[in-house]
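After the structure tokens below, expect a handful of questions from me.
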Amino acid sequence: MHLEPTVKPKNKNIGRLVVKCSDKPGIVSAISHFLYKHNANIIESSQYSSDPEGGTFFIRIEFHLNDLINKRKTVEDNFAPLVAKFAMEHYFSYGDQIKRSAIFVSKETHCLLELLWEWQSGDLETDIALVISNHETARSTVESLGIPFYYIPANKDIRAEVEAKQIELMKEHKIDLLILARYMQILTPHFVSEFPNKIINIHHSFLPAFIGANPYERAFERGVKLIGATSHYVTNDLDEGPIIEQDIERVDHRDAVVDLKKTGQQVERRVLAKAVKWHLQDRIIVKNNTTIVFQ
Amino acid sequence: MHLEPTVKPKNKNIGRLVVKCSDKPGIVSAISHFLYKHNANIIESSQYSSDPEGGTFFIRIEFHLNDLINKRKTVEDNFAPLVAKFAMEHYFSYGDQIKRSAIFVSKETHCLLELLWEWQSGDLETDIALVISNHETARSTVESLGIPFYYIPANKDIRAEVEAKQIELMKEHKIDLLILARYMQILTPHFVSEFPNKIINIHHSFLPAFIGANPYERAFERGVKLIGATSHYVTNDLDEGPIIEQDIERVDHRDAVVDLKKTGQQVERRVLAKAVKWHLQDRIIVKNNTTIVFQ
Amino acid sequence: MHLEPTVKPKNKNIGRLVVKCSDKPGIVSAISHFLYKHNANIIESSQYSSDPEGGTFFIRIEFHLNDLINKRKTVEDNFAPLVAKFAMEHYFSYGDQIKRSAIFVSKETHCLLELLWEWQSGDLETDIALVISNHETARSTVESLGIPFYYIPANKDIRAEVEAKQIELMKEHKIDLLILARYMQILTPHFVSEFPNKIINIHHSFLPAFIGANPYERAFERGVKLIGATSHYVTNDLDEGPIIEQDIERVDHRDAVVDLKKTGQQVERRVLAKAVKWHLQDRIIVKNNTTIVFQ
Amino acid sequence: MHLEPTVKPKNKNIGRLVVKCSDKPGIVSAISHFLYKHNANIIESSQYSSDPEGGTFFIRIEFHLNDLINKRKTVEDNFAPLVAKFAMEHYFSYGDQIKRSAIFVSKETHCLLELLWEWQSGDLETDIALVISNHETARSTVESLGIPFYYIPANKDIRAEVEAKQIELMKEHKIDLLILARYMQILTPHFVSEFPNKIINIHHSFLPAFIGANPYERAFERGVKLIGATSHYVTNDLDEGPIIEQDIERVDHRDAVVDLKKTGQQVERRVLAKAVKWHLQDRIIVKNNTTIVFQ
């Protein structure tokens, strides 16, 4: 299997600027003028204001700038006055600084396989630094792609040690994004607080329906006609973090619980893959308990 | 506007047989042999067994039989031994006996308009005997189609009198199906018990998400990415009756509550229309709190 | 039926600027600076460049400006130098200048009814100035809403006179948009050339499949599993104008031609309604034989 | 990676009977009585008649019969009189006789990977006997699952030898189903005639749109808003065989040809996987140039 190089040449001079601030006249003008002055060409720009008057303003700009690697410090420094003037929260990211991901998985590998497939196709702009699992199921698949696989058995009695080990690996591998690809262990508030808005989970229901355990069994009992899945950032309210993406498939009375589950897996893998892709492209901004997704 | 005649000639000799009983070998053989002996030609047959062994068996057969109007008594009488042998719950229905519907509506008329449109197109096999509303909004539209419109103001203080009046109208008009097309009043258990599995409601969410009041406001707060609607039979557990149909439309962060509502209305009207159509064609069987829909 | 006032107060001070020009650095900066200087607040902005280098640039900006009615001349005059500098094609439109629509329809009224429903709900920002039909079918529905209805019989032998009459009515009523809501007559190149990118048609197939006559019959013969519809601007290449929107519904082997047609009608009406809504909101830009739709 | 055993115990006593004949009264009665007499329990039954009067009748019955392996000869022999009486085309298939598949693939492996994933999950009831490719791309993936991989370079000059080799391998491996999972070589009429209704292809468009080469380029030129894929049986009319399944995904003006292609691949893999699954479950009957799919 031929693997994509992690940085595509076409991404080398691509930068992104993501800004959030109180909405005031002149922000777009100021930012676009700034980029123009620095010879950056805007490739894509998306903005949203939560309210025409007095709301919060969000913008994501993707730009091209020759020799970006040598100019980025200047650009960032020169942008500081605007940050101050508009009291912006902001960040720059760069096409040659590939985000590093970790994937956590348990026994069901459908979401992991989907991510690996997208990654092999060159559609996920990330280095998959490692996969951690509380089962050995996925080892051969992962290692055959040259990705380190860590088997860390887990249960609630040893949660503290397990999480300590995981956090250590995250830091050692300088992880930017943690993907829970059907990892069936609860994460403690301590763990979650280490990676704010950096953990993406896939929940096997159309949230907020069937929050909690056994969603497919409960969906079957309730006689629903659609099965959904939800990808969301993980917060300390279990199953309650900001929703990134949702989708559904149709089912009917002939479907037993096992069929709902199989159908659900199809939805899960595409809903998780989309969320991961958008995160890697800096397309998601969290606002309270919701997300703005600049597709 | 040209109205369809209520009985289409092609439906005159069409009968339907719907059966529910414990699954045992020989049921299909016995029923199909029975129809064959009576010269009935099976046009469509759908069956479902809840379990290969020891489950409940459901079948819906649509058949053609010449001169059905004069033969139906014989057919029904002769079927009695099979009913006894297999301990069937069953019913026959006939293409020339059009079901009579009542529609309840409040101020929002989108679901009512959709039903009237489908009915005018000849797609709903029903006589719409009357429309009842606690507002005058829909009067002119309804009356322009020659359908009686009853304005019955309603609120929780006069619920008993209102429902008495409504029940009286239902009986007077010999109503077979009551459609709640966005009727924003609670029905008492007494009212509901008068029409078991004969009241179809449209709920403005993807049940069981957002049960209860203000679903669009709550969907907005939760930041969902899909807006759904659910049509269901009404039972005394509010928002908890057997689900008939569900569907969704995609929304995003730019949609305010009012946009979610508009999107939701599009889903509501098609989800309600489908449920009504299937009910009128005897395609729905209630099983516990779920439905079997033989599409 | 209560009708919406044609100009909503909230739209009074809303303006839109739509621009197309060769892509060069500084355009966004120049436009946003211009609006800022004139105290206009950008509510929504969408842009697209056909190529990062040397492509064509498109932008649609929706802005709010107090007392817009008295300022618009100044704004337009002051914008002229930018138009010259970047060799822009552009236009401004204003929330208080409601576009005027004509609807052409034949015997099938499902698309017309959908448009009227959306319009009554206040979702189509237009004055429906008149409906023209070569049949009397829709008269009572149209007139009951206070919209003038013109019955103009049509066939290929009298095409010239018919079109002359229609063009005269279009001009008399100052029509901005002509909607072919299942108008089953061919329009001549002469007629079409009078209204470039101002005629929207609904084609009853998923173009380019089943171009031409009897698409449902041919879809049935071909055994397709999806039925589609396409809304597009009308050009002199029949069924070949720029596509605005497409959608589909699932069908199966049980569906006869008449069922495909009924399913198709459901798709047609929502696909046409979306195209009309986007046109009225100045969201569509034609580029060669395709459209850019800033949803 | 843990592989499913090829015959699941639960399928051991499962049989299927598929019948096609002229529609006459008494067929369902005769077949169901026959199965009842032989102690077979009907698990699932689907039927379709192309016309209420004088049409063709199709039925697929799935049944359970204890000790089926020893009884099947008797069942088949005893069924012969019914076959004669109703002039049936028919076949029986058995849960313990797993169909044997071959997969042909070129350089793009997304469809192959999907099939392998479904197969590993136990969702494709088949033995994948071999994979043949005109490229080496897929070798390591295929061989890591223990499936023989044959590299057979191909081009139009050596078509005869290549096909001779392929046919020999098909026969040697006793192949029941040949899956073209993006195999970019034309098959000759001679080859196709060896496997009537046993070759499933995935075509990268919503047929009949964009028949022939470069569909994504042409879809881009035409400005379509949906990208589709079609799985179909291969006949000697290229791109014209009976359609099994179709689906679409939404695209917009921002999508370049490469994006249409990536979106299309997502559709292709699920549309092909569904067709293969249905074929393996004997759910598809070809009727002229269309399919009946008993889902």
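To keep things simple, chains are lettered A, B, C and D as they appear, and every chain counts its residues starting from 1.
Just so it is clear, a contact is a pair of C-beta atoms (placed from the backbone, for glycine too) under 8 Å apart; a residue touches a chain by one contact, two chains touch by 3 or more.
Bear in mind the structure is a predicted one, so any value in this text is a computation, not a measurement.
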Request  = Compute the centre of every chain as the mean of its C-alpha atoms, then state which one is farthest from the centre of chain B.
outcome  = A
Note = Contact tally winner between B-D and C-D is C-D
Query = Counting in whole Å, what is the centre-to-centre distance of chain C and chain D, each centre being its mean C-alpha position?
reply = 42
Ask   = Taking each chain's centre as its mean C-alpha position, how far apart are chain B and chain D in Å?
value = 37
Key: Multi-partner residues of chain C (each touching 2 or more other chains)   = none
Remark   = Within the complex, chain D is touched by chain A residues 1-2, 110, 113, 117, 121, 123, 137, 140-141, 144, 262, 266, 270
Chain C partner contacts - residues on chain D that touch it in the complex = 48, 206-210, 221-226, 228, 242-248, 252-254, 287-293, 295
Message = Give the list of chain C residues in touch with chain A in this complex.
response = 25-26, 28-29, 32-33, 35-36, 39, 41-45, 47, 49, 52, 64
